[in-house]
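Should a chain be cited, it is by its letter among A, B, C, D and E, assigned in written order, with residues numbered from 1 in that chain.
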Amino acid sequence: PGAAQDKEPINVAALYNLTSGGLSSLDAPSFNGMKLKAKMINDAGGILGGRKIEITAIDTKNDTRETATAAQRAVAIKGLVAGIGQSDSTFALAAAPLFQSAGIPFVTSGATSPDLPDMVGDQMFLVPFGDDVQAHAMAEYAYNTLGLRNVAIWTDNAMDYTTGLTRYFTERFTQLGGKVALEDVYMTTDQDFSALVSRLQSTTGVDAVFASSGPDTAGIIVKQIREAGITLPILAGDGFDTDLVLSVPGEALAKDVYFTTHAYAGIETGPAQEFRAAYQAEYNTAPENAFAALGYDAMGLVADAITRAGSTEPAAVSKALAETKAYEGVTGTVAFPEGKRVPNKPVAIIKVGGGKMNFETTVTPKG
Amino acid sequence: MTGAYLLSQIVNGLVLGAMYALIAIGFSMIYGIVRLINFAHGDIFAVGAFAALGSIAIAALPFPLAVLVVLLAGALVGLLVERAAFRPMRGAPQVTGFIASLAVAIILENLAVMTITAQPRTFAIPAWLGALVPLGSISVRVVDIAIIVLALVLTAALVGFVRFTRTGMAMRATAENYGVARLMGINIDRMIALAFAIGSALAAVAGLMWGAKYGQISPLMGTVPGLKAFVAAVIGGVGSISGAVLGGFVLGLAEVLFVGLLPSEFSAFRNAFVFAALILVLLVMPNGLIGKSTETRA
Amino acid sequence: MSAPAAFLLRFALPVGIGAALLYAATLSLDPYSLTILQFVGINVILAVSLNITNGFTGLFSLGHPAFMTIGGYVTAILTMPATRKTAMLRDLPSILAAHEWPFAASLTAGGLVAALAAVIVGIPVLRLRGHYLAVATLGLIFIVQSFAVNLPGITRGALGLAGLPPVTNVWWVYLVLVLTLLTCWRVKHSSLGRTMLAIRENELAAASLGVKVARTRVLSFALGAFFAGVAGGLWAHLVTLIAPGSFSILLGFQLIVMVVLGGTGSIAGAAIAAVVLTLSTEWLRPIEEAAGLFGASQIIVAVGVILVLIFRPSGLFGTAEPNVFGAFARRRRHAQSTP
Amino acid sequence: MLWVDDIHVRRGGTHALRGASLEVRRGEIVALIGANGAGKTTTLATISGLLRPRSGTVRFAAEPDAAPVELSAMKAEAIVAAGVSHCPEGRQIFANLSVAENLAIGAFLRRDREGIASDVADIHRLFPILKERAGVPGDRLSGGEQMMLAIGRALMSRPKLLLLDEPSLGLAPRLVEQIFDILERIRDEGVTVLLVEQNAAMALDIADRAYVLEAGSIVLQGTGRDLAEDPSVRRAYLGAA
Amino acid sequence: MQISPAPLLKVERLAKNFGGVRALNGIDFALNEGDLVGLIGPNGSGKTTAFNIVTGILKPSEGRITFGGADVTGNAPETNAALGMARTFQNIRLFNDLPVVDNVMVGLHRKRGPGFLATVLGLRAAARAEAEIRQRAMAVLDILGLSGRAAERVGGLPYGDQRKVEFARALASDPRLLLLDEPTAGMNPYETADLGATIARLHRELGITILLVEHDMKMVMGICQRLVVINQGNMLAQGTPAEIRADQRVVEAYLGHGRKGGRQRGPEDVHAVG
């Protein structure tokens, strides 16, 4: 191959729900993060000797059928190296099998069901930790560090992410000897939690609330619980990693909230800070939620694998991905344990208070 | 279950119901005159919320002035939409307008997503609106009271307007038969535009109140409340303003009480229960709670 | 014309030509275009069958997605390999869990269960009229979705059933499509269809002529639901996944748009609108992707819909069928009435 | 005061009026008769602005010395304001407005409260049932009662020119007589009337002049009496053998 | 009253309240097989209401209706239609978007329409039944002189023709009892006389029992054997046309004395005008 061919772009597909409501408030930041990383790589001269990354983005419109056809279009792109996208397992499952049968790796930036690789096959990779990891981490932190014994759990039943989170949290928390005193559910589109709040208020013997929620309802939940005068600690997963948790309830009410997230929140230095600054500069807004960072890392991880593979052959890239041992991402160091394609990543625990997100501690799962 | 618990659930239901009612009044207003199920209503509601955000948070207008801006913004968008999408197909079958309103909704939503993204935003309100007012064994926020009062006052005002003023009567005549209304000397274009302006302004105010209550707004926030308002309007009896309000309260109460009074395992079935109950209501009263019997003379 | 010759001309010949075209398509199209071809077919099935309920009988039903969900889940559960069923779906009755059904039987079962649901729901609910019915059928979508979300032992909850066997192909889709069109065409151009239209136009007068209004309404609702159920099954095995949110209210709206755009009551209109809308949405994608303006394609389609309605407020064809077909039908009628 | 000149009107696929012309003079009752589908209703609807002619003109002068205005360029509501009131075919009562409101809406463009009140009282005297049923929704009235309401409503705008489309439709014989008496009275009070009637005999009897419309054009005209004696009219419209 | 052992339609003490309005206040009449009876009365006297109750569209407040010996009080309209009642409506109710002939065909579906399965499977029997229905509908349209407009959309027809289509539609269903509510409203005297003659002929030739509401006295008196007069929901009189014409109460309440000093109006005295 001549020099001209060497400069051919590297094709990566992005499959995100960008319109039609639903997950677009998660997917759009993720997509922005991904684009940002690609731009930064390209501005720095590209990879594989100056080849630029070219993203073909397809809007999957919050529709599993659109996702499936988008995947078909994506895998048909000539020279496609990998696909990136989706923040919920259901959608990842609509796309990934088509990449699997085409033999092209699919890296999900936001879907966190640890079973995904088993369900899809060897081309399926996760950038975030599995829900089991963060839910276990929170369960342990709640039981051991905070000394909580009885929790109420609120679950968004409309997403696989949140139902999974609840499952794993309950599993671990009860294993440790804790009790679930109350289980309540809602749907992503709900805005009014007054009925759940009243029930929580009238349930005795609850030490804390575990809110298994996505970013859209995170701030509202905190606001409504606190407005009712309930001071119980609120626990959550990375769905709470959004500014809304601070700004919607306001400084006075946003306190005693703990959530697990990727190891960048609350860190004011290093790649995390660099990412935040770049994001702010590019989009004129702070990263909206954790998914922005995850999209950024998904792109970075793929680029890293391509570099290590030294090739744009999907099979080689896939192999390199599987062998990732220490990719330094914004959301922590990604390492895939042998034969697993869910990364071993540290879980950060953040405490909200005083109008800020305060980094508490990091838990690294035993992989 | 304590009395306070039941009372607080009822208050919750009333406040939620008042929100639905606020949205549903405008919906019913437009339906009543134009026989149009305006699915873009929920999006105008969102427009109102963002107009409020702009005028309170960005332009730092005092609250009453912000309300005025929101009213105007809503009316303006309503007029624009009426002019562009509905007036050209006047006289077409009802369902045509319904489809057009869906198209308008899609346009507004996608424009919003393209320009300001689908991200939820924080909606901060003046502190006095968030203050607590004790009410027997429980306490309620000023904003909640404001919402209920606003819903009731607006209903009374609108019902009075439609029922007792000359313009209101002309609007009702227009609703029935454009041709004959014109034969009475009524400028039906003006009546329809007026209905859109009022209905949309009300939706916009509802958006403001929604933001004030929940503290968070997003361009797509109107979809579900819009749908619920449609349901509320129908439960009450389509086209009836007081029916819309009643329907809103019934819907809000039903929703909260279902979740609140049944064991929590059932709260996942919230929407299913609410809809099943509403279907039951409709089966008993096929024309809604205040709906006129459609038994026509043969 | 002799009977076999007439049959050849009316039925066998077009089907033969269609089959040949499809065969050519399977050979020449890439997988993506083939999939789109199938979704076009499924949307035509949906729009045309919704047209029975909404177009012929004038029932304002938004419930198609509910019946698709029912049909889709039933079909998916039946076709799943028995081993996966027992492992994944704990609450499934053992008779269902033990067997793996052939696709055709599963599709039919899906359709029948959907139709049965329509009958059960329809008998009380179809007493409602107009928007009241719209709300009730809207509620049906929520209710069915609630069950899909909250019966994880049968449906696997929000995650849905993934990894279904990819058995749907062009042949299945277009076989069902032909059956749907044939049924709708026959119904419309029959006494039954005429009573449906009569109910739509003036219920009281129809009742006074002895038309069994309630029964005919339920029948048309169930007929529409049957095809919706079958289409749901085809859909699920094309995407190889079905989740509670797969068939949303939005889809219900899109289908109504197709029916209205085609002309309420016009079979060909609904079919053409379904084809055009599905394809135009797909064709506009590259434009928005190139521009990075996601949502632009939907805006363009929506503006197009408004423009069509401004210039043709009763849809493309009204209740009538376009001329090619119309002339055809008239000729037949003539042939029959002048023996 | 009204000049309809060579108008062509299409309705749906039908060429309903093909060059119809007629004239109404101040203070007259003019009858327009014709078979089903001849275009009588179409003629009235074109005058009142509900339909637009393809070609031809409709001119109207409210006052004797005023310059005629071109009605076919005006909106229906402006035509009412100019003094033309149209009582449409098939009654067309506002079903959800009460009987009283149906009357009130007829006076929509008027502002003189007392005048309106006294006109309502007059109409109640003409049709007492409308007073009895004042609060009832319009569609609850019987067919004949609705006709009375429609006529009353048309009168409420105090028109200079009243267009009536089959006012005797569905009325009991006694009431038909009453309606025709009322028409004469209205005329004597200075309202000009253009009357479309199937009851040709009575129409021709009270009409000062009359036109016969056939297939969209005027085929005969003359005084009411002349036409009533015309053999072809008698055969076709009066049911005489 | 002529009492035969079993009248086809018998209405006893029929009453109806609409909220505060008592539209019918206990009326009684009966029709024998083969009768042609006129039901007349001032506007608002309750004629249409009586029709609506007999056919099942409204439920009576009081009273009893028997049809063919069976009690049909409160039946649904489709049940009564199946028993052989057919009607026309005072405010025309046609299937506006359908062609004229299809309007008439709907009336034939109940008796002759093929079943659902036969239709969907495209059985030959279904096609035959369709053709037969169409032929019959055309035949009925022919009687009323409408076969030329059979393919037109009925909503675009002039008022008078729409009335005829309604009549044809009711007639096509082979009714035992035909209830006509002002079938000639909107027709000119010539057309009215024509339709009257048609009704009389159909009655004579087919022996259909007919109950006719009509304000055109010339026609009613000309073709009816017997008249029932109601006034403000009450029975006023019953009898032959001659008896009714002579009944002073009927003249007072309904017929009137003629305009301008008793000059009788109507087609027959056009001469007098000249």
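Some points to look at:
In this section, contacts are C-beta pairs under 8 Å (C-beta built on N, C-alpha and C of every residue); 3 or more make two chains touch, one makes a residue touch a chain.
Computed from a predicted model, the values in this text were never measured in an experiment.
Chains touching both subunit A and subunit C: B.
Among the remaining chains, the Cα-based centre furthest from that of subunit D is the centre of A. Of the two chain pairs considered here, B-D and B-C, the higher C-beta contact count falls to B-C.
With centres defined by CA atoms alone, the chain at the far end from subunit B is E. Centre-to-centre separation of subunit C and subunit D, using mean CA positions: 51 Å.
Subunit C and subunit E have CA centres that are 43 Å apart. Here the CA centre of subunit D is 29 Å from the CA centre of subunit E. Centroid to centroid, with C-alpha atoms defining each point, subunit A and subunit E lie 74 Å apart. Under the contact definition stated at the top, the residues of subunit D that touch 2 or more other chains are 140.
In subunit A, the residues that reach two or more other chains under the touch definition are 18-20, 157. Residues of subunit C in contact with two or more other chains: 149-150, 204, 294-295, 298.
Residues 18-20, 22, 56-59, 63-65, 68-69, 72-73, 76, 89-90, 93-94, 97, 113, 119, 157-160, 163 of subunit A are the ones that touch subunit C when the two sit in their complex. By the touch rule above, subunit A contacts subunit B in their complex via residues 18-21, 24-25, 28-29, 157, 182-187, 189-192, 194-199, 201-202, 215-216, 219-220, 223-224, 227, 243-244, 247-250, 288. Interface residues of subunit C facing subunit A in the complex, by the touch rule stated above, are 30-32, 35-36, 39, 149-150, 157-160, 162-163, 235, 238-246, 248, 250, 282, 285, 288-289, 292, 294-295, 298.
Note for the complex: subunit D touches subunit B at residues 48-50, 75-77, 80-81, 85-86, 88, 92, 94-97, 101, 104-106, 108-109, 139-140, 153, 157. By the touch rule above, subunit C contacts subunit E in their complex via residues 182-183, 186-187, 190-192, 194-195, 197-198, 200-202, 204-213, 219, 265, 318-319, 333, 336-337.
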